[in-house]
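Below, subunit A partners subunit B and then partners subunit C, in two separate complexes.
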Partner chain A sequence: MADIIKIGAYLCKGCGLGERLNIGALENAAKRAGKASVVRSHGFLCNQEGVELIKADIEKEGVTRVVIAACSRRAKTEAFRFDEVAVSRANLREGVIWIRPDTKEAKETTQEMAEDYVRMACAEVRRMTLPTANPKAALNRRILVVGGGISGMTAALEASQAGYGVTIVEKTDRLGGWAGRLYKRVADRYPFADPADTGVADMVKAIQSDAKITVHLNALVSRTSGAPGRFEVEITSGGAATNETFGSIIQASGFTRYDLANLPEMGGGTLKDVVDQAGLEELALAAAGGPIKRPSDGREVRSVIFVQCAGQRSEKPGHLPYCSGFCCTTSIKQAMYFKDRNPEIDTVVLFSDLRTPGAGGEDFYRNGQRKGVTFAKGSVRAVVQGEAGPVVQFQDEILNDSVSMPVDLVVLATGQVANAGVNIENAPESAESVQKVSILNLTYRQGPDVPQLKHGFSDSHFICFPYETRRTGIYTAGPVRRPMDIAQAMEDATGATLKAIQTLENAGLGRAAHPRVGDLSFPTFRREGCTQCKRCTVECPFGAIDEDEQRYPQFNEARCRRCGTCMGACPVRVISFENYSVETVGQQVKSLEIPDEFSGKPRVLIFACENDAYPALDMAAQNRLEYSAYVRVIPVRCLGSVNTIWLNDALNNGYDGVMLMGCQKGENYQCHFVKGSEMAYYRMSKIGDTLKGMNLDTERVTTYEVAITDIHRIPKLINDYIAMIEKIGPSPFKGF
Partner chain B sequence: MTAVIATNQTILVVGGGISGITAALEAAECGKQVVLIEKNPSLGGRVSQLYKYFPKLCFPTCGLEINLRRIKANRNIHLLTQAEVEQVSGVPGDLSVTIRLRPRYVTEACTACGDCAKAVIAEFDDEFNYGRKRRKGAYLPFNLAYPQRYVMDARMIGTDDAKAAQAACKANAIDLDMQEEVITLKVGAVIWATGWKPYDAAKIQPYGYDRFQNVITSVEFERMLDPFGPTNGQIRRPSDGAVPKNVAFIQCAGSRDRNHLQHCSRVCCMATLKQTTYVREQLGDAARSSVYYIDIRAIDRIDDFHRRVKEDANVTFIKSKVASITKDGATGDVFLHGNDLEKPGVGSDMRYKNRHDLVVLAVGMEPSVSAAWLPTNPHGFLEGNPSTGIFGAGVSSEALDVNRAVQNATAAALRAIQVVNRVAGVEG
Partner chain C sequence: MSNPNQTIPGQYRGNFLREVEANVEEGEWVKMCMQCGVCAGSCPLGPYWDYPPQQIFMMIRAGKREEVLSSTSMWMCTSCYNCMVRCPRELPITHIMHGLATYAKRIGKAPQTPITPRFAQKFWDNLTVTGRVNELKLGLALYFINGIGEGIQTAMKMQDIGLGMLKTKRMSPFEILGGHGIKDKAGFRAMLKKAEEIELAKIAKNQVAGV
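Now for the complex of A and B:
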């Protein structure tokens, strides 16, 4: 059935379309230019009767391709969902009548616009086929967790609770990580009053007695290949390697404590009675509930000062530029170790901003105050050795006083340094990137580890989609992602586990992962046409494409996010998706009737990112903002999927200009496919020579960064562009 | 009657803000059946009323659009709007939920053409703009509202205006006889994502929100920046529409305060830092921002945003809990009174009386967890307890920023899935 092309074109007369447009002429356009076999119009196509009409044609008339010429593809999605046929939408409402004035003068150009959209939709749907899902789909319900600290243990237990098997690979000889080396943890339940048991021992016990969880201690991941649903992982332990397969991976590789020796001015690494927070936990564990003793002479600590932000929130070389988020409450907890045992002990927390967020944080802070912990805003100049112990010299910023305070013990609240593995993008080595050993040893074309974002953390850039790293099916969790405390790491690991489960289930069904979840299309390439130029493998934002032994691209469909950046990259146009290809767009470009140079009707093609630019255009229409009738808009999955052949075709066919509208690129990129819009810019930066070669003005192809909120700006951009085109005159290629 | 098919393997998500949307989608994209209910006529919640997100300064509608696309593409989600839970009973894996559905008076036949809004005359305060703008009695709550269907204000019912709207609707989508319904669903687990409301600024008496026009809240300030908001995107002071030159931001307005919300709302510091960039972006060197704060809580890796704002010579930070605000005669300006803790000297030396022409109160987040039968801690946040089968997500469980709320909601989706998988006997 898939091979039979029978197009049914359905024109809606509702929402004013019937009054504003010549529906008969649109029907003719669908019949003649669009070669639709069945053409029908209806008063309200989206109502039950209209939808039934289409369904009946699919069932009884054998219609295999459907064109809905009505509202935007973003509207009435429930009504116009026909799973068994390919569907294309001609946007006559938001795309035409709502953005054009209802005047006699505008009628002709408005009608031309509508007819073109009908032709384009017919041309598109003719080349679309129904996606059939990744044939290499594999279901594997086992999850690899790298790291056996609090994040990794949480992930394992949560996955097991949901019915999934887990293998933990832990590099040390025990589970627990840093949390296992704490005396107590910060309270996580109301009334948030006292340090609490870490819970680590219970978790270790639960893991050991869980038949669904396997633990490899003293082990490393020495090789990872494959894709979601079929990750092949080599685990090395004591020189012996074992191989296992997994559906997805959670990287909970945690953090390394910041090296105190970087802070000699604060006595770090030079004074025995200056420790970091981990050092204080060691002292508290050694004390086992008794008095905490200082390292130099074993004397009971009677006064202690906690220095917040030590080597953090600072641009100085060797310091961490970020805040580690957990240290304020940790210092309060550690001060409570002293106060709970003996209220007479002096405990001072020296801070610049005390950061105890939320209900729990603020209650815990208040409980610290209630227990007599002193909080002072100040900045430390130096910690020196005095007669009886360390002396902290600081500026009290409330009392505006220079203070020298002798104490028994100094605790420096230093930060977390992510164990994110190798920085595959070779950003300049920052002070915090101490870890150079790969965590995952991925065999991917694009490097052995998950890309890092900032300061050596592997976090996602997206506020709305925090788990979306650029390696599909691999989720990072815990302090490897961003600095965090135990409570947050446990939440984070639980969320990452959901994503790991989701990916492997979708991979099992041959479906895409975020943001096109459920998309069954996947990229294929025509091997005989491929020149092995490698652009697709290099430009894929997700590292989905490797190279095979013969240096041809090897698509790992389950890693692919279906953005089409590879399709846009391919100079010989051999990459396509069933329902989105060089042809589905290219034929739309070619389907238009281009008025001649004497008509005074220029034609400008717009490629608009379907996530931001296209909705903005729709919303401009909702607000009845007008823009020129000379543009024709084609939504694209991502600007990165725009192949320059479309531009060539457009210009050769006599279009007067092409506008590309994509998302913000660069540091604060908003492209949902990370690098798509950036790649488009890069490619377009090179198109100038082609244009000059064709003797065309470079302005004839212009790229814009637009946002979904540019509802007023985009119509203006369009109108300004048309004015510019009218000024420079029609394309010399018209009529050829 | 509203027909919803739900079983003890269905997950009910209560609240259609960013947390609820996330929880619903993440569960549905694992293949689970989800019923998502929202009290308002459209999805989006508080984030849809924000101009930008920190720290990227990107637009919330961008992520909302992606999420709406995911919802439109997913058959596992059944959405009910203008719906509120009355009661939940039973045990995890076998819960019975009573839901009250308020009538929209507009059916699914609506095409969002807008003819009804054109036909009606009556206007009401626009909730989406915190009452600082008017909207029609038949309306689409905002540009990106989903479901993309108009709403008839219940106060219109029985008026000729409502009949005019009905007559104008060519799609026959207006049903003025629509009635309230109460339905009962059987579900396996519930994710409670009812979010928050801005703390009532009028309760902070010394700040005079109810007395001084030029004292506004941070959420109202966000609306001011929206080109479709009350001032068409222009920063203006309410008293006379003038462009402010000297804006004060007061942190912890109603937070970290024994008389109001005891908790720290976590987001307000970053939100204020973000809002100083609005002032900078729109008014340039013509306006100054002053931030009155206790601690600047720009936590973890987003602290660099704080540093960047501090580099702006037009932004001043004053470590002080503002004591009171008084009015300066007829100018519309106000004076902020308090002690600047970092000012040299002691006692009265630290006092200030600073003139400002616009004051933005960084109001706290008050959890919207009102049902008495829900287990909450004394701060009003939901206390997670697996034995109830009800899992908190987002700000109903703790004061969180968007990023953390989404993480938290994703985790909540797994907790709910654990319950329904146990019911279904799924084994990995």
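Now for the complex of A and C:
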């Protein structure tokens, strides 16, 4: 069926299209330029009658490609969904009549715009085929959880309760992680008054009695290969290796303790009675409800100072620049260990900004105050050894007072250091990072671990897609992702579990995971044409492409997010999707008639990211904001999928300029494919020379960062660009 | 400022806080202050204080007994209640200020410089005679609080206002002879006596407890 190309073009006359446009001329464009075999117009195409009309043609007339010339591809998606044929949309409503004034003068250019979009849609659909699901699709309903701390245990229990099998790999000899080494946890329910049981023992018990959960202790993941639905994992324990396959992976490798030796000025690593919060938990556990004793001489602690933000929120070398978020509440809890036993014990918390996140944080703080914990805003200069114990020298920031206070014990609230494995993207800077060991030992070409973003935490979009890593089917949860406390880690693990389930189910159906969930298309490459340049394998943001024995790219469809960055990267243009390729776009570019240089009608092509820029254009149209009739917009999956050949084609065909609109890049990226827009910027930064070689002004290709909210900015960008083009004059390539 | 190398016993140890909690009305609230500074920024008299409320509360927690009790701060409070309605922790700040003032005066720590402690005493003495404030006597007492010379000057300055008040019957010159009072003076005195008893019992109890 797919081989026979029979195009049916359907024009809608509803929503004012019939009044504003010359439908007869559009029909002609579809027939002549678009070579559509069947062309019909309808007064209300998205209603049942209109849809039936199209369905009848597919069934009786043998139409295999459908062009809908009506509203934006983002509208009426349910009505215009025909699973058995390829569909392309000519955006005449949001793309033309809603952004053009209804005036006599504008009529001609508006009509030209509409006719071009019909031509483009016909050219596109001619090259599209129906995507078929990934042939290597595999369904595996087992999830690997790496790390048996609070996050890992939560993930395992959640997955099991949802009916999925789980294997936990834990490197130590017991489950529980850091939470298992706490005397008590911060209160987690009303009235948030007292330290509470950690709940670890109950969770361990639940895991041990759960037939769907297998636990490997003293074990490591020594090799991970494959893709969602078919991860092959080697688990090594005590020298023996076992192999198992999984549908998806949750990495809950948590954090490591900040090295106290980095804080010698605070007595870290030098004074026995200066401990970190984990150290205090050890003392509290040892005390087992009795008086807490200090390490140096085993005397009962009668006075203790907690120093917040120790080695944190500081730009000093060796310090952590971020706030770990859990430590203020932890110090309150630990001060309560003392106060609850004996209110006479002096407990002082020195803070710079007391931060108690979470629903009960503030109540817990108040309860600390009620119990008599003294809170003072102070910055510690030094902790020195006094006659009877450590002496804390600090500045009281409220009273502007230098204070020296002798105490029995000092607790430094140090932060969480991510345990995310090897930083595969940046060359290790210090000796310390060289020693980092891999967590997953991925056999992926791009490196053995998930990529990191900032401060060694795994890369995931903080707000929009928090659990996604840049390795499809592998989700990070808990403090490996960002610093957090127990309550947050449990929530995090639950979210990551749902994502892991979603991804393995999609992989089983051969469909894409986030953000093109359900997409069946995937990239293939023409082996004969490939020059083995490796650009695709390097640039794929998701590490989806490995190399085979002959050093050709090897696509792992289930790891692919369908962004098309590889397609944009390929210099010999051998990578394509069934329904999205160098041809489907290239032919649209070439399908227009470019008015000559004397017409006064420039032509500017816009490649707009379909995640942000294209919706922003649609919304500008919904607000009836006007923009120039000289632009033609082609939505792209990601700016990273833009192949420079399209720019070449456009400029050679006499377009006066090309605008590229993608998402924000860099540390605070908004790109749905993380690195796609960054790659596009990088590539565009290199085409200046090509433009100069063609004797063209570099402004003829301009890249913009556009957010979905830029509804009012986007028409202005367009209009300013057209004004600039009119100033520098028409392209010298017109008419060739 | 104290010497950084000198350690003061009792600092940040909560001794003074406990003293305040036991002896000052609403003193048990002091520990609940979160040092946000809203009160300090809200007080219209703030710039004239030795220490704004926020700082007073921190000083109590830091054990600065002498500085707090002898400070002019709580004597500057005009009871406008700005701070109290704004405090996110809902501390009864105004009441604590008066409580601190009362306590400081009781143990002889109240400062001499601002006239407020002395005026407060005059107000009390005036009120307790008849159960009503004798405004004429109170006004004159205030004029002469710092001596005859200043008193005459102030009285001269206020002459027109005083005459105006007499004319509009806002004030009676006969008040100088004793003035009018409430009906049940005996009951009033009994009430004051009872209050004093309660107060003294509380103090005695605290002394036994050693705070």
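Just so it is clear, the second predicted complex is superposed on the first by the 724 of 736 C-alpha atoms of A that agree within 3 Å, B and C clash if a C-alpha of one lies under 4 Å from a C-alpha of the other, contacts with A are read in each partner's own complex, and residues count from 1 in each chain.
Basically, contacts are C-beta pairs under 8 Å (C-beta built on N, C-alpha and C of every residue); 3 or more make two chains touch, one makes a residue touch a chain.
Quantities reported herein were computed from a predicted structural model and do not represent experimental measurements.
Aligning the shared subunit A places subunit B and subunit C in steric conflict. Shared-chain residue A:K377: touches subunit B and subunit C both.
By the touch criterion defined above, A:I398 lies against subunit B and subunit C together after alignment on the C-alpha atoms of chain A. Contacts of A:P195 after superposition: neither subunit B nor subunit C is touched. In the superposition on chain A, A:G50 makes contact with neither subunit B nor subunit C.
Look at A:R142: by the touch rule set out above, it reaches subunit B but stays clear of subunit C. When the shared chain is aligned, no partner comes close enough to touch A:G510: not subunit B, not subunit C. In the superposed three-chain model, the partner touching more residues of subunit A is B, compared with the other of subunit B and subunit C. Of the two partner chains placed around the shared chain by superposition, subunit C is the only one that A:P406 touches, whereas subunit B remains out of contact. When the two structures are aligned on the shared chain, A:L354 is found in touch with subunit B and with subunit C. Of all the stretches 347-355, 365-373 or 401-409 given for subunit B, the clashing one with respect to subunit C is 347-355. Residues 354, 366, 377, 398, 400 of subunit A touch subunit B in one complex and subunit C in the other. Residue ranges on subunit B touching subunit A, taken from their complex, read 18, 26, 29-31, 53, 56-67, 69-70, 72-74, 108-109, 111-114, 140, 143-144, 148, 170-171, 227-228, 256, 262-264, 266, 295-301, 303-304, 307, 319, 341-342, 344-345, 377-379, 381, 383, 398-400, 402-404, 406-411, 413-415, 417-418, 421-422, 426-428. Interface of subunit A with subunit C (complex): residues 303, 346, 348, 354, 365-366, 369-370, 372, 374-377, 391, 393, 396, 398-406. Residues of subunit C that touch subunit A in their complex: 1-7, 11-14, 17, 31-32, 34-35, 54-55, 58-59, 61-62, 64, 89.
Subunit A contributes residues 14-16, 44, 46-47, 71, 74-78, 141-142, 158-159, 161-165, 189-190, 212, 313, 315, 321-325, 351, 353-363, 366, 377, 397-398, 400, 454-455, 457, 459, 461-467, 482-484, 488, 491-492, 494-495, 497-499, 501-502, 505-506, 514-515, 517-518, 611-612, 615, 619, 622-623, 663-664, 668, 670, 672, 707-709, 711-712 to its touches with subunit B in the complex.
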